[in-house]
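Each in structure tokens, the structures are laid out below.
Each of the next two complexes has chain A plus one other chain: chain B in the first, chain C in the second.
After this line comes the complex of A and B, so read on.
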């Protein structure tokens, strides 16, 4: 799309004014997008009124219906619902875990899939490439609950695979679920294993779309594979990388509940390295059944995430004006 | 021929309409408790029950099974219902009654269903079903006190020469554990999941979460009517210390704090449970081995134990619907045949009646055991249902025994958390981190207590304690 709007005049990029007229093509595309728009409105915009939960003391009034109870009969409490989160003696720890893990996931998520995507596209055998791609992609389709059982099969204290190996070699078995020192590595490993296949496929699709003539001319000029990668593939991947990066930054206050709660089997001995915002809120809410508090925390996550997303976009645009998301 | 056929069909249609019109029945939606999925034969049993109740009182029911979270969600989003299960441990009675979610049946139950009102003893209406002097729920008659038992594997313990007492102290478990470990050295004698020994903490009445309590054993001392943090309850602390000692000795499975529970498929030497005298048969049939019950605490009685199971009516229901609900509960509490349908299923399919020692009892079929099986209190009074061939109880005797139970001095006091809600949520979150480890002995309570205390104080436990004590003092002064 961008190509049509760009023309090179005297070595300078000039962006032509976009045509205003609504064409037949536009209409077709608009119609195509209608289902998604309907989905977006129904599931993302309509429920947004639920934000008021965060500022109310919601009490259902029998016989009056949900909306009446929420908007009319429940009292406003201002910012009181946010108080609960900061009462926790663990709050610093919770934020450290949430941000720490997300930053690590972010760094790995930007580098590893790109590297592997490039490596796989370099494979000569199409069959091997397909097998690798499928193998890496597969964990993406498993739910965290299933994965938690996989992990348990390895780590179970009594009958786990790892402990069986350790004891048969004469070692002392390890209480995996009770020792916090293993879990930061384990969580990073499991998360990477499950998620990187998906982003790898995105990068691979972009690489496949790169004009082959660029590589051909590079080969004629005597460029090595390494030089081709640094000179052609990476620069052309940059817009996609930036978008993936910016989108992940927006999620930095949210963590995957499945990973931190299910996979760790909710073990309290290791909670100092596994408790993130979502886990804390879930556990607190299981006890007190207060939807106001959880809404308040969710709202906070979204607002901070949104602010960070805008900042990240600004920063990326500063570095490379073409790569921003908006 | 065709003509006659269509005529006949038309006639049948008219008749069918006429029939439904003449036998107008009222339909009520009843939410009941299920820890997992609804039983497989729900529709079959409900159809049988509806046929019976429609004829007797003109009320039919739609039975909906819900778990703890589904109750909370349903209540706060206004899902339609007429009657719901409510109690001390799920679909919380007190907070719902405070928020006026339930129908005030103080007068209605006396005028509309006097037989129901008579069936249930006055003290259960006053203590269990009431809040601030108004009746909001109909108590389900079951075991009304809480007594804790060790459930011991009789065969294996007797094989190694252990004598099993009927009553024992918690600490007296140690020699049994030791003997078991020595003789069956590849097994853990005290297997447990993250919930620990079921009912172990019931020796105190819990006022807020599992951090503030009023222990029953302090009744009659100068510390009665004081709300204290759990670490000031010596009985409970001793148990935590013992558990940790046993954990270190290898009596408890090391992964206890991370596994959900020990299912019936595992032959555990010792389990724990809340029950009543003579309930061994129930434990035995559940575990598939002969179980000996040794009581180690109780029986205790308080609002919490009496509110073990109740049914309340939606505040939004019309008076007509409310009366229908009460009539239904009345039938359940007074008509044994009807009660047995909801308790045991369809006669001939799920169970048959037989006679043991001159008493009419129920023998469940395999289909009954598999497809219509649930806790006795779920669909109504346990007391009014027939006993089964493998477990016979004299409920009158059990209820008479309650006169000797240790009764809480707190009366009908209930803690209104409104003013300290954020503190309570924060304290609960702190306890969440340690509970499983404490209950399974994984954690050394003597070493960790200072940390836990400090965290709870930071979370505001002192404010909660002060508020609860102030409310209790005001209640006692007004009494």
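After this line comes the complex of A and C, so read on.
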């Protein structure tokens, strides 16, 4: 890759003898990209000014329109929204959930799919490998809404399969959607169930691309399978693992809204272990119409995420200069 | 894209450098178990949807219902004024969204691929910044509803998700690695405009990446429910896509029963709510479950392109 870029850049230097001009070609390309750029501005850049919500006490002034209400008639409150936010009793819990789940997801998401990918490429039968790979890829294509129904079929209090099994064995019915003690495990399991197939396929694609002659020479040197894995496969997987890791670290303050809101059926009695920042943002906005807190949380998410992404990238590059995203 | 994969020969080196038969048996067992775990819930919901309401009332959800029946699907057919409408909404949103998304992504990807383009640097930054920073949910919600007036329109479910940095980067990387510069040069010598070069020379040889991004978009739109949840309120039920119908039924089990327009008095009394919900789940899932094995290789290809230059 890198070599390609260099040669292109070299080629460009040769072509570019004079200062660059805006040519007819550039005009045509600009026209061609106009719709996409318009989309970017409309849906990515215009909403960015919305961060002022976090520093305002937004009150809609009837008859004056939204922009007037936001910029002119609403009062600036400085950092008061953040202050209130940090004083609210739930926020520590929300942060704990967000970070806790994400760290567990991150650890599982890096180790399990890599291990499985290495294992599946070792299977003797290609056909079994192909069928199993296809099967475990399925959950990636299902929405959280659908998965919430799958989960409900097992956990429903009066009709669910788990309770049927428990009662037939003589036990007491468990009110799954009311009991917080099971949910941390369940959420981890459901999230792993949905995502591991996809990551496994990503790593598999990299492993099948590894040059076979490396393994051949290793075998000639008498390396065992185990040594081949640690000496060849894992080092060559490292760049992909690093990129996945960095991207996940950048996302550590945001969670999958569908998992924590839909799959738990927004049940109030288990909110202690299921409410994350994204659920809070949604609820503050849609249920209590509190645009300011909601926006303050979103701003924090965005800023912290951005900082962490840069830090993670630095750390990964320090450990392994070849890896890293930018 | 995945090249036509030669089956790895099971002799010679590969036969020599294999894991032991015992290890192979263990690994195979693990993967078969994993495959069963991923498919079991789907099978379970399918069985529930074809169980009779009576057997569910008696035994709860079960893999072995005492009585099978297709009445839930019959009821779905009866309420087609509502469910059918939602199905068509989903199909329409998916088709229109995918086409718009493909137009936006491919043109921007092509423009960024041209090495001498005047605005290339500016555009690259414009593309990367939204990936790092966004105004947040409140901001985009307020802008979409108050300024663009997208609330309760189909566009609210189509436009905000039409393009993404990741798709554009995959497109551009594909063009960079497979479309030779000489093709574009030859087009220019013949006096073709950039639009013509793009549509008649570049697109025909880029079908794999078009398929990949098209499939990404198709599955995303088919599975989308969050935009409907945000932007469509309960006075506009006729705009609901299927996924959101599932959510609103969950919110209110007797939801169908209240829609007197769609159902007769008699069918309301013994509405198979339990099985019917699962039947709607199957209507959502079956198109996906039947088609994804054929498209799988495009996804793998797209992912690896994306991962190369992330």
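Quick notes on this one:
The rule is short, and it goes like this: the second predicted complex is superposed on the first by the 233 of 326 C-alpha atoms of A that agree within 3 Å, B and C clash if a C-alpha of one lies under 4 Å from a C-alpha of the other, contacts with A are read in each partner's own complex, and residues count from 1 in each chain.
In this section, contacts are C-beta pairs under 8 Å (C-beta built on N, C-alpha and C of every residue); 3 or more make two chains touch, one makes a residue touch a chain.
Bear in mind the structure is a predicted one, so any value in this text is a computation, not a measurement.
In the superposition on chain A, contact of A:265 is made with both chain B and chain C. Once chain A of one complex is fitted onto chain A of the other, the partner contacts of A:178 are limited to chain B, with no touch recorded for chain C. Contacts of A:306 after superposition on the shared chain: chain C is touched, whereas chain B is not.
Of the two partner chains, chain B and chain C are each touched by A:158. Looking at the shared chain after the overlay, A:280 reaches chain B, while chain C stays out of its contact range. Ranking chain B and chain C by residues of chain A touched puts C first.
When the two complexes are overlaid on their common chain A, residue A:119 makes contact with chain C while staying clear of chain B. Looking at the shared chain after the overlay, A:88 reaches chain B, while chain C stays out of its contact range. In the overlay built on the shared chain, the residue A:291 is in contact with chain B and with chain C.
When both complexes are overlaid on chain A, the residue A:138 reaches chain C alone and has no touch with chain B. Overlap of the chain B and chain C interfaces on chain A comprises residues 65-66, 156, 158, 265, 286, 291. Chain A meets chain B in the complex at residues 58-60, 62-66, 69, 80, 83-84, 87-90, 156-158, 175, 177-178, 265-269, 271, 275, 280, 283-284, 286-291, 293. On chain B, the positions that touch chain A within their shared complex are 72, 75-78, 92, 99-101, 194, 209, 253-255, 257-259, 314-316, 421-426, 428-430, 432-437, 442, 454-455, 458-460. In the complex of the two chains, the chain C residues touching chain A come out as 2, 5, 7-8, 10, 13, 16-19, 21, 23-24, 27-28, 30-32, 34-35, 37-39, 41-42, 44-45, 48, 56, 59-63, 103-105, 107-108, 110-111, 114-119, 123, 126-127, 129-130, 132-144, 146-148, 159-160, 162-163, 168, 176, 188, 193-195, 198, 219, 223-226, 230, 243, 246-247, 250, 274, 277-278, 281, 284-285, 288-289, 292-293, 296, 299-300, 303-304, 307-310.
Considering their complex, residues 1, 4, 8, 11-12, 15, 20-23, 25-26, 28-33, 35-37, 39-40, 42-51, 53, 65-67, 70, 116, 119-120, 122-126, 128-129, 131-132, 134-139, 141-151, 153-154, 156, 158-161, 163-164, 193, 197, 201-202, 204-206, 208-209, 212, 215-216, 219, 225, 228, 240, 243, 247, 257-258, 262, 265, 281-282, 285-286, 291, 294-295, 298-299, 301-303, 306, 309, 325 of chain A touch chain C.
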